[in-house]
Every structure is written in C-alpha cells, then in structure tokens.
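Each structure below appears as structure tokens.
In the two assemblies presented below, chain A is common to both, partnered first by chain B and then by chain C.
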Partner chain A sequence: MNEKSGWGDYILYLLGAVVIIILVRDIYVIARLPQEAQQGAIFKIIFFHVPVAITAMIAAAVALVASVLFLITRNFRYDALAVAVTEVGLAFLAANLITGSIWGRIIWGQWWAWDARLTSALVCWILYAAYLMLRRAVEEPTQRATFAAVWSIFSFIDVPIVIFSIKWWRTQHPQPVFWGGGSFPPDWKAVFLWNMLAMVLLAIVMTVVRVRQENAQRELDSLRRTAHAM
Partner chain B sequence: MHLQSIPLLFAQIATPDDIVREAARLQRNYEFLSYGLTVAWAILVIYVLFMVSRGRKLKREIASLKAMLEDRR
Partner chain C sequence: MDFFRQVMVIAAKDLRAELRTKEAINGSLAFALVILLLFAFAFDPTGDTTREISGGLLWIVFAFAGTLILNRSFARELPNDCLDALIAAPISGAALFLGKAIANYCLLLAVELVSLPVFGIFYNVRWTQRFPELMLVLLLGTWALTVLGTMTSALTVNIRLREVMLPLLTYPILVPALMGAMRLTMELIAGTPINSENVMWLKMLIGFDVIYTAVSLVLVETILVG
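After this line comes the complex of A and B, so read on.
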C-alpha cells in the first residue's frame, strides 16, 4: 500500500467514525424528543426518511455530472464515480421508499398510494436499477461506460419530477416541511440537519469505497486480459 | 406543527375507552417507527456487508491472478 492510499484509508476511517458518532448521538436525541401532536411517535421517522431521500437525489446529480464528464473526456475515472454513486444512491432511495411506505401505513392507512411523488420515486429507483443491469449486460468496457452514461443522463430527467411532483400535482404525499409552508421547532431542525450531514457523509464514505472497488475490478479485468494473451 | 410532551388536556376530558384507544395508537406508532428504522438500517447494513464481501473477493482474485502471472513468467 503506498503512502497516498494509506492517507486515503486514514481519512476514510476517520469519516466513518464521525458518521457513527453523529448517528449514535442523533438516535439518542431523537428518542428523547417529544411526540408530534397529530401524528405521534411515527413522525420521528422524518429524521431518517427525508435525509436519505435528499442524499439519494444528490447522488443522482453527482451521477449525472460524472456521466456527462465521461462522455466529454472518455476518462474511466468518471465512469467509476458514476456507477459507485448510482449504486449508493439506489440503496438510500430504497431506504426512503420503505420508510415512506411504513409511515404511510400509519398515517394514510395504506402501504402505498399511486400518487405523483411515490410513483415518480419508484420509477426513479427502477431507472437507476436498470442502469446497473445495463452495465452487466454489456461486455466491452468503453461501450458499457458510454451506454451507461447516456442511460444515467436520461434517468436524471425523473429526478426534478420526483422533487417538484408535490408542487406540480395534488398528491397524497404532504408538502415539504421546509419549503411547503410548514415549520420545524429550532431544536428539531438542528437534529434534522445533523442527521442530514451524517447521511451525506455516510454516502461519501460508501461511494469512495465503491469507487476503489471499481478501480480494482478494472485492474482485475486488465490482469485477466494479460493472462489470456500469455 | 404543535408539540406536546404530556397530553394533560386529553387525560382530563377523555373516557377510559378513549385512553385505552389512545394508548393502543401510541403503541402501534412506536411499533411501526421501530419497523421503519430497522428495515431502513438493515438495507444500508446489508449493502455495506455486500460491499465488504465484494472487496474481499476482488482482492483475492487479483492476488491469485498476479501469482499465476508471476509463475508463468
């Protein structure tokens, strides 16, 4: 392991430790917060449901930028970043969909509603899952990266629809707390922002680890080609 | 959005049936909150474990291929 990689590992472990400390502290603080008057304890799921959604949307935006940069430069580092951040974003979006479904079961009395927000979020998840399936279907690396980048750019069209669906259409999903006319007590807002920071940091750590694996996969492919040629 | 620590007013005007119903609702709320958080964390933890296992497999394969290439040379 070279010196640069050693420092990288050190920073990665440090970030991971910071994430765990923030999350443990947040779980303790959230458990002690009073219940929301109308929804009760289930409302506290917002501290997880919304940060994972925002993190997934940020991941989609990073994947878009990385895909565009790959198409411009043909540099495989951007392709590695795109696939890494897409996979991580998919895990966060899955967590968002499931926490939302459980929240909906209590508040709406049903697990799922085919309204614009929920449907567009599910379509977003399917589009990015298709991105990963597409990558497995194409053998040739340059062709695979090009097709995947184009698909990633196409998939991003759904992201603004997910975000603004609750503004554009009448949905069963409520308006957002921060820009939909609602309000959060200041101490709740602080906890929310800390949790948001923890989720973003967690996604960064996961993405860096995944990028390294993508680079290792490329090294493995190169070694296999050398072995075949010998 | 209003917060209340203890629903004192409710306790003063509610019938025993109302209190039982409210207690059941609160219990259900906590149950579903715990389900939600457990499932969401499980997804992230499973993904991390999946990444760790993939990383180990990659390292193993790279090491064995490098050893094989050294032998051939």
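After this line comes the complex of A and C, so read on.
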C-alpha cells in the first residue's frame, strides 16, 4: 500500500457511511408512507425497483465510455473501471429483475411475463453476464481487456435495438408514473429521489471498491511475473 | 490489390478449403436434420399450432446449425499458425473479416436452402407461397447471424471454452434480428404479404445488418491484431 491511498480510504469509508445513513432513513420513511390506494403496500417496491434500474442503465453507459477509452488509450485503469462498473450494474439489474418479479407475482399473479421491458431487461442482463464470462475465458490480460471492451461496445449498441424491437412485440409493463401523465404525489417523489441518490451512491462505492481490487490484482500479477522472471 | 479483391481472395480460399474437406458443412447439415427431427417430438408435427410457430422453429434450426460453421471459421486457421500468417498478410483486418464472413454466408445459406424443403416436407408447411419475400428475409437474417457469428468466432478463436463461448455470445446479441426474422418468416409462411404493419421488422433487420457490419469492420482490426 502506498501512502497516497490513505485519503482515498477515508473518503470511501465516509461515502459508505453516508449511503448507509440515507438508506436507513429512506427505509424508515418508506415504511411509514401511507399505502397506495389500488396496489397496497407492494406499490412501495417502486422506490427500489426504479432507482436500481436507472442505476444499472448509468452503469452500462459508464462501462461503454470506459471501454472506448481503454481501446483508445490502452490504459488498464479504464479496463478496471469497465469490469467493476459492469459487475455492479449487473447486480443492480438483477435486483431490478427480482423486485419486479416479486411485484408481478402479487399484482399480475405470476412471477414473469414475456413483456417488452422484462424481456429486454433480461436480454441486457444476459449480454453483460456474457461479458463477464468472456473475461474469465481469456487468459492474457491485454487480450482480455481488448476483447471485453469490444464486447461491451457491441452489447451497448444492442440494448436500444432490443428495447425497441421487443416493444413492438408486446407490452404489459405499467407505464412510468413519473413522466407522461403519471400521478405521483410530490412528497413521494422526494422520497423517490432520495432513494435514487442512495442507489447511485451505493453503486459508486461498490464500483470504487471493485476498481481497487482490480488494480491490486493487476499489481499482484505483475509482481508474480517479475518474481518468476528472477 | 484493392480491398474488394482481397475480400474475394479470402472468401474463395475459405470456400475452397471447406468444399474440399466438407467438415463444417456436413456437420452443420446433419445437425440441422437432427434438430428438425427432435422438434417433431416436442410439438405435434401435424397440428395447426406447429404451422403457426414454424417460422420460429426454422430460425432456431438455422441459428444452432450455423454455429457449427461459424465455430470453424477462425478455428480452422489455428493449425500450422495459419491465423498468424493471415494477420501478417498485407491486407486489412476488415478485408480478412469480410472475406471470411462472405464464405460463412454462402455456407450458411447452402445449409438453410437444403433445410427449408426438408422442413416443408416433414412439417407439411407450404413455404413457397411468398417465395421472393421469404428469400429476402432469409438473406437479411442470415447476414445478421453471419456478421455477429464471424465476429464472435474471431473473438473466441484463441480462448478457453471456444465452443461454449461462441453461442453464449452470439445468441443474446442476435435477439432483435432473430425475433424479426422469426416474426416475418411465420407470417410469410402463413401467406401474409409484407404489409404496413410488419414492414418495420424488415426495416429493423436492415438496420441491424448495417449497424453491426459497420461496427464489426471498424473493430475487427483491434481484435485480430490487438
């Protein structure tokens, strides 16, 4: 460990503590909100379901930018960022799929419907899971980073096509309640935005932790190679 | 040599090698027949429902059988370090990629054109009702499968678990193209013409082909040379 990382550690711990405080407060507030008129308590899952989805989308965009930057600069820091943010985004998308499934079981009476949004979210999840599988299959670090970056670009291009084409196919998912004529009370919106902030911060903390692991791993690998060479 | 000639030389080389050994195309054809046989047990092959979903079945057969050809595309160059020689040759990665893609395209189309009548006979489907439109969908859908499959073939040629990784990467990313091709094939086999409602699938297929061909041509050099 070099001495530079000392401050980084403190900031990371602080950010982590802030996330926990906001999350605890959000859960407390959400639990005390009145029940929604038609759906009852299960409606409150939206306070997590939508923020994790948006966070996952941001993660995919960051992964794209990091991948492109890696291909241009060949700097492994961007590769570390790409893999870290993809993993975190995948976890958030999984949370989105699971919370959606739970909601669907209660409101629709079934865990899964082959609806446009569900299907496209699942396809995205599989695409980025394939990204991680591809990384594991490639041994040589430079090749691994290059292939993964190319695949990340390919996947990201696919996402809008998947979303539009499946939307033509069928839609059952409820329309957004925030945009386009939704009726979301203002104080609920505030809670929602707070939880949105919590999810994004949580994703940032997790990503930074993973980036540091990746960097440490790379350092270890290079040390091991040096030791072998001696 | 100009770009086009380089592409054709690579394509001709691949086709010649394949026609002399016939290892990929024979395997792929046999596999297509086996899947067609297995589907008969999964669904009632004489029922009306089978006719309705037959377009979907057909593309699953094409996609499965296609990976056998695509898997071989770059793997064939591994013995005797042929791949290194190809990369060192004075042609661009894009020319190499496009040449291989065209060779794969011809082989895939050959397998599909043999499977189609067999499918029509086995499942009692009159697939020739809208023949020109069906051929158009076949050409567009197969190009989507080819361009992404050739790209993943280049990606996976040197890695562990090559045979597993190629379909794992190719199928999910192909979802929009396969979906469009399946929808259109189903309707065309049922006798519905291309109309204002389903023409958007055709547009999507064309867009998919154009986008991924362009992106692959740009990025393939990075994959092959690093």
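To be clear about the criterion, the second predicted complex is superposed on the first by the 213 of 230 C-alpha atoms of A that agree within 3 Å, B and C clash if a C-alpha of one lies under 4 Å from a C-alpha of the other, contacts with A are read in each partner's own complex, and residues count from 1 in each chain.
One rule holds in what follows: contacts are C-beta pairs under 8 Å (C-beta built on N, C-alpha and C of every residue); 3 or more make two chains touch, one makes a residue touch a chain.
These numbers come from a predicted model, not from an experiment.
K.L.:
A:Gln143 contacts which: chain B (first), chain C (second), both, neither?
P.N.:
A:Gln143 sits against chain C, while chain B stays out of touch.
K.L.:
Which partner chains sit in contact with A:Trp151 here, chain B, chain C, both or neither? Use first/second/both/neither.
P.N.:
second
K.L.:
With the two structures laid over each other on chain A, which partner does A:Asn195 touch: chain B (first), chain C (second), both, or neither?
P.N.:
It touches nothing on chain B or chain C.
K.L.:
As a test of reading the superposition: which chain, chain B or chain C, is in touch with more residues of chain A?
P.N.:
B
K.L.:
Determine, under the contact definition given at the top, whether A:Pro34 touches first (chain B), second (chain C), both, or neither.
P.N.:
A:Pro34 contacts chain B only, not chain C.
K.L.:
After lining up the shared chain so the two structures overlap, which partner does A:Gln217 touch, if you call chain B first and chain C second: first, second, both or neither?
P.N.:
It touches chain B, and chain C stays clear.
K.L.:
So in the complex, which bits of chain C are touching chain A?
P.N.:
148, 151, 155-156, 158-161, 165, 168-169, 172-173, 175-176, 179-180, 183, 200-201, 204, 207-208, 211-212, 215, 219, 222-223, 226
K.L.:
Which chain B residues qualify as touching chain A in the complex?
P.N.:
1-5, 25-26, 28-30, 32-33, 35-37, 39-40, 43-44, 47-48, 51, 54-55, 58-59, 61-62, 65-66, 68-69, 72
K.L.:
Could you please specify the touching residues of chain A with respect to chain C in the complex?
P.N.:
71, 123, 126-127, 130, 133-134, 137-139, 142-143, 146-147, 150-151, 153-155, 157-158, 161-162, 164-166, 168-169
K.L.:
Which of the residues in chain A end up touching chain B in this complex?
P.N.:
By the definition above, chain A touches chain B via 34-42, 44-45, 48-49, 52, 88, 91-92, 94-95, 98-99, 102-103, 105-106, 177, 182-185, 202, 206, 209-210, 212-213, 216-217, 219-220, 223-224, 226-227, 230.
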